[in-house]
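Just below sit the structures, each encoded as structure tokens.
Shared between the two complexes below is chain A, which pairs with chain B and chain C, respectively.
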Partner chain A sequence: MPKKLKAGFYSLACCEGCEIVMFDLEENFLKALDFVEIVDARLFNGKHPGEKLDIAIVEGCVESEVDKKHLLEIRERCKYLVAFGACATIIGIPGIRNALPKEIQKKLKRKAIIPVKDKAFPISAFVKVDALLQGCPAFTHEILDVFVKLYHGIVPKLEEVPVCSECRERENPCLLFEGIPCLGPVTYAGCKALCPSERAQCIGCRGFTEDGNFEALRKKFQEMGIPKKEIYNLFTYFNPDPFTKKMEEK
Partner chain B sequence: MQQNFLLKKEKLGEFLTALSKEAEVFVPSLNENNATCFLPYNSQELYLAERTQYSPKKILSPPLEKEFIFRKKSSSFEIEHLLDNKKRVFFGVRSCDTHAIKVLDKLYLEYFTEDKWYKAIREDLTIIALQCSKPCENGFCQSMGTDKPVGHDLLLVEKEKSFFVEIASERGEQLVKKYRDLFNQTNFTKPESKFKCSKELETTNLKEILDKNFFHKKWKQEAKKCLSCSSCTQVCPSCYCFLSFDKFILNTGDSERFRAWDSCQLKRFTRVSHDFFFRESRESRLRQFVMHKLSYFQENFGFPLCVGCGRCIMVCPVGIDLTEIASTIRGDSK
Partner chain C sequence: MHQDEDFSIENITKIEGHASLDLKVRSGKVESCEFRVTESHRFFEDMVNGRHFSQIPLIVSRICGLCSSSHLTTALEAVEDALEVEPSEQTKSLRRLSIFGEFLKSHSLHLYMLALPDYLAKESVLKFGEKEHHFIHDGLNLKKAGTDILTALGGRPHHTVNYRVGHVTKGPNSEKLVAILKGLESVREKALETVHLFDSFAAKHPFERKTNFVALKGKNYPLMEGQAIHCSDKTSVEKDGLMQHLQEVVVPYSTAKNAVFNGKDYVVGALARIALNKNQLHPEARKALKGCSTKLPNKSPFSTNLAQAIELVHCVESAIDLAKDLSPRNEPAPKIKPKACSGVGVTEAPRGLLYHSYTLDGKGFITESNMVIPTQQNIRSIELDLHDFVPTILSKPREKAALEMEKLIRAYDPCISCSVHFLKVNWT
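On to the complex of A and B.
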């Protein structure tokens, strides 16, 4: 049996919810420990902080210079870097501040942290990311999958499938016909259409697909009579505004 | 002379309960989100008003199917095939869906040189078809010539307080024989259903017209609306594209092979080596869907892939309509 993978969990600006979700794995978590050794993690009591890593799992976004420094240091130490959860992959909730007007943004400033350009950034803005684990919180079965794949030397790749695809597999009626604005057509699947199956709209926590036809979806929302402000809020809830230029690298 | 029977409506529950004791019976009914689809019979209320929103395709070719497990031996692999040969009955399948099953049979049992997973499910399947008595929303089966069921075992036609039962195969005959006390013999002739479909699609020379208008501006216009959400292909009873992938089993060296539905509306569908996409534009993907349904399949197999159920029209959130595309192109090419 080859050597165990050395893994570390790190949190930048976030709620640390994704890491806590790891406990949902229950006995599978113990099974994973057969081939993964957690060397550096606050929550899992990692015993060897600062060691070289095979996999670094980073949750949270970059908001301050401290986060940025920490992230660059992690990247130096690891072989594969996995972005864990919505904040790390697409900025998620902390990214709401990016869409706020300037006056409000100024009030958000705190003395203790040195902000990076007054904005929140996904980690891919600063470092190369090898694999993405989307969702808010991330889905635990997917992290197991990433562990197993990396253990066998395969770097997992995202499949660009929209939520609608899985929603139809679950035989749900479409929410767009009920006047509920749903971001399913432009959001990455993998959640098995969790929200639409409970008759709640998809809010795009797994990130927008590259292929999504945002213009057509916005037009559809307008035809449904959704106010402009609400449409804007929905599109910028978890993701950077798809209608403006993509977030530039710093 | 062939005998015909009547099944009283109040006896239907008894019939289905008896059937479900020996086989898995799928009936059209409402699911927890009020969508109409085929569900295992559990004395629930049936939905017999019109064709269901979701077809029984998901039972014949499951959205995610485990094909086999391969286990690592010292120098080779051991393969364990996972075949599902349960006994099944589909009740209340509409004519369009029986034609879709015919398409799947043609592909999986002839063209793909006998797909053993499909064959296992299909072999012990009894189809009890139900004749439509009124037009359904968006359906255009009369235009596609799919308004008379094929390949079924029994055909039910609603007749006042009972169902007229026509035996269509040996399997169907044995079924009636087995539950003979539920059926009454009758001298009636089969009631003809007279209705006109809610949509129409002129099919004469359609293939030639579509082939000639490969670069028609209509494709671009429709693609601008299209969300590429793949809903149309997911609900289509005759869409059969799938992808295969392997999954490692945790902790062991073993793997599982899966088969999952795929859709031509997704960009990744046409990804080949070196990340090249041979149908990258939305326009070309949408055109592929319509052309495959109405032109390409006809060329290869002699009948169109589209069965005229109208589900793709019903499910499209932005109202892209296959019949409207075809008729616009026809109108412009005159």
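On to the complex of A and C.
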């Protein structure tokens, strides 16, 4: 048996749901331990500061200088860095704060927690990211896939089709036809169209596609009679406003 | 440890979130004890402002990965209270079943993955040997019974996708319910074994400190749809008046607020629920409780683990009863007309009392919100416990004493991500 992959799990500002997803691998979690050695993870109390890692799996976003410093240290220590979940990959729900008025952001000044430019950032804003595990929370089948591929030295690539294609595979009726404002047409697939299959609209947790036709979708939402403010809110659950500049200067 | 010592534990492990402990011991007494939550603020109360009420449950679910269904349900109940929407019996039943699933998930992960290694003197579950290995399977099987409920009803184990204000977009089919029942029945014995296991540990901790307990008041061991709250100091309050009794306190060294009830420290969570509502436990859980050598409720914070184990039995049995009676049909979404209003939701999350309140404008957008989270209510008790507990373990070597302190903190099952959800503070 070749050497095990040395892995570390880290969490920055987030709900830690992605790390909990690890336990949803259940028996596969135990099987994965045959080729992955968890050497550093606060949830498992593996205290090995400084040890070199093959993979670092980082969930959460950067909201403070402490988060940023921690992230830079992790990058130094690992061969592959995997962004784990929506907060780390695309900023997700914590990013809603970035559109809050300045005076609210300013309330946060204090010594212990130094905010980074009063904003929340996905980890790719500060370090090179080798692979993404998208979704809120991340998906178990993809976690295993990333482990297996990186074990063989293959850097996994993303699905490059929108959620709509997976809805079609599952023969789901289109929610847009029923007046339900779904972000499926502009969001990356890979979730097997989980939300639309439960008759719940896609809220974009896997990130917007590069070539999404946002303008057409906005018009569609307008035709449904959704007020302008609500349309803005729908587009900005998990992602920065696609109609303005993507991310302001870091 | 010495009679005079400054002592810190940075980044306490095997709890959800980032927290540290600073102690100052002088002449064998604790002069100061600061349980510091070091996570960044997470702005949730401000992030939901300006958002449409229909989005709130999906956003606040992300406060916590472990108890997302509790946040979701509490927010739904608060918004429904505001808009005077009465969800159907079926919707309520599905939510109740989800909450049982969430308790199973949360309690079993805490007991087996985070707390158990302490009692078996192992660094973590990853260090379990052949003799202990079956505990990992036991814990994961109990968790699976819970997450299978959440997945069948809500699409996935965390951050349920289909629960909306007033309705559920798609209920489970009967096939899925049969599978849930099968899963639950397969862990009945395991839940009872968990009680025996943690009963045997509970007897080893003589430490006690008197405090107050606070939990929902109602019928059938209430975990949601809270209308009133009661306290072991014999006070009882309607949900709308809760905040007149519960004061939030800002502490300068932590990013989480603390709280007092009627001006005093108090405890929420499994131990508080059992202390106040144990007569309403499922008969099987009551039987298990009677069979324990440790009597609950007691004044030992370490008993929280046993209380959680008792609740595993309660949730497995109650979920079986509930799932047997369910035959979901598709129900149309209610027509909701927005109006200027405000509402309150109070539930029991796995870690204790959870409060959300929202104010809506005439178009259905949130203008004000507030949330009080279990862990922030327990922080003060954690500190006061350590204050009394540390002098009793000063004769132990440093490492051992630190482990004992961590054990006490872990017994509370703190959830730090939750406790830093807020922003509205004026720092001086």
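By definition in this document, the second predicted complex is superposed on the first by the 240 of 250 C-alpha atoms of A that agree within 3 Å, B and C clash if a C-alpha of one lies under 4 Å from a C-alpha of the other, contacts with A are read in each partner's own complex, and residues count from 1 in each chain.
Please note the rule applied: contacts are C-beta pairs under 8 Å (C-beta built on N, C-alpha and C of every residue); 3 or more make two chains touch, one makes a residue touch a chain.
What you see is a predicted model; the values in this text were computed from it and never measured.
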item: First, second, both or neither for A:R75, with chain B first and chain C second; value: neither
item: Which of chain B and chain C A:R199 touches, first, second, both or neither; value: both
item: Which of chain B and chain C A:K4 touches, first, second, both or neither; value: neither
item: Partner chain(s) touched by A:C15 [first = chain B, second = chain C, both, neither]; value: second
item: Chain C versus chain B, contacts on chain A by residue; value: C
item: First (chain B), second (chain C), both or neither touched by A:R97; value: second
item: Set of chain A residues, in rising order, touched by both chain B and chain C; value: 197, 199
item: Chain A residues touching chain C - in the complex, by the definition given at the top; value: 11, 13-21, 23-24, 26-27, 29-30, 33, 38, 42-47, 63-64, 66-67, 92-94, 96-97, 100, 104, 107-110, 112-113, 115, 136-137, 194-195, 197-200, 203, 227, 229-230, 233-234, 237
item: Residue numbers on chain C that touch chain A, as the complex places them; value: 11, 13-14, 16-18, 36, 38-43, 46-47, 50-52, 55, 58-59, 62-66, 68, 109, 113-114, 117, 123-126, 136, 140, 143-144, 147, 154-159, 161-162, 164, 169-170, 253, 255, 363, 365, 417, 423-427
item: In the complex with chain A, residue positions of chain B that touch it; value: 31, 33-35, 37, 53-54, 58, 63-64, 224-231, 234-235, 247-248, 250-251, 261, 263, 266-268, 282, 315, 317-318
item: Interfacial residue positions of chain A with respect to chain B in the complex; value: 28, 31-32, 34-35, 144-145, 148-149, 152, 159-162, 164-165, 167-169, 171-174, 176-177, 184-186, 197, 199, 210-213, 215-217, 219-220
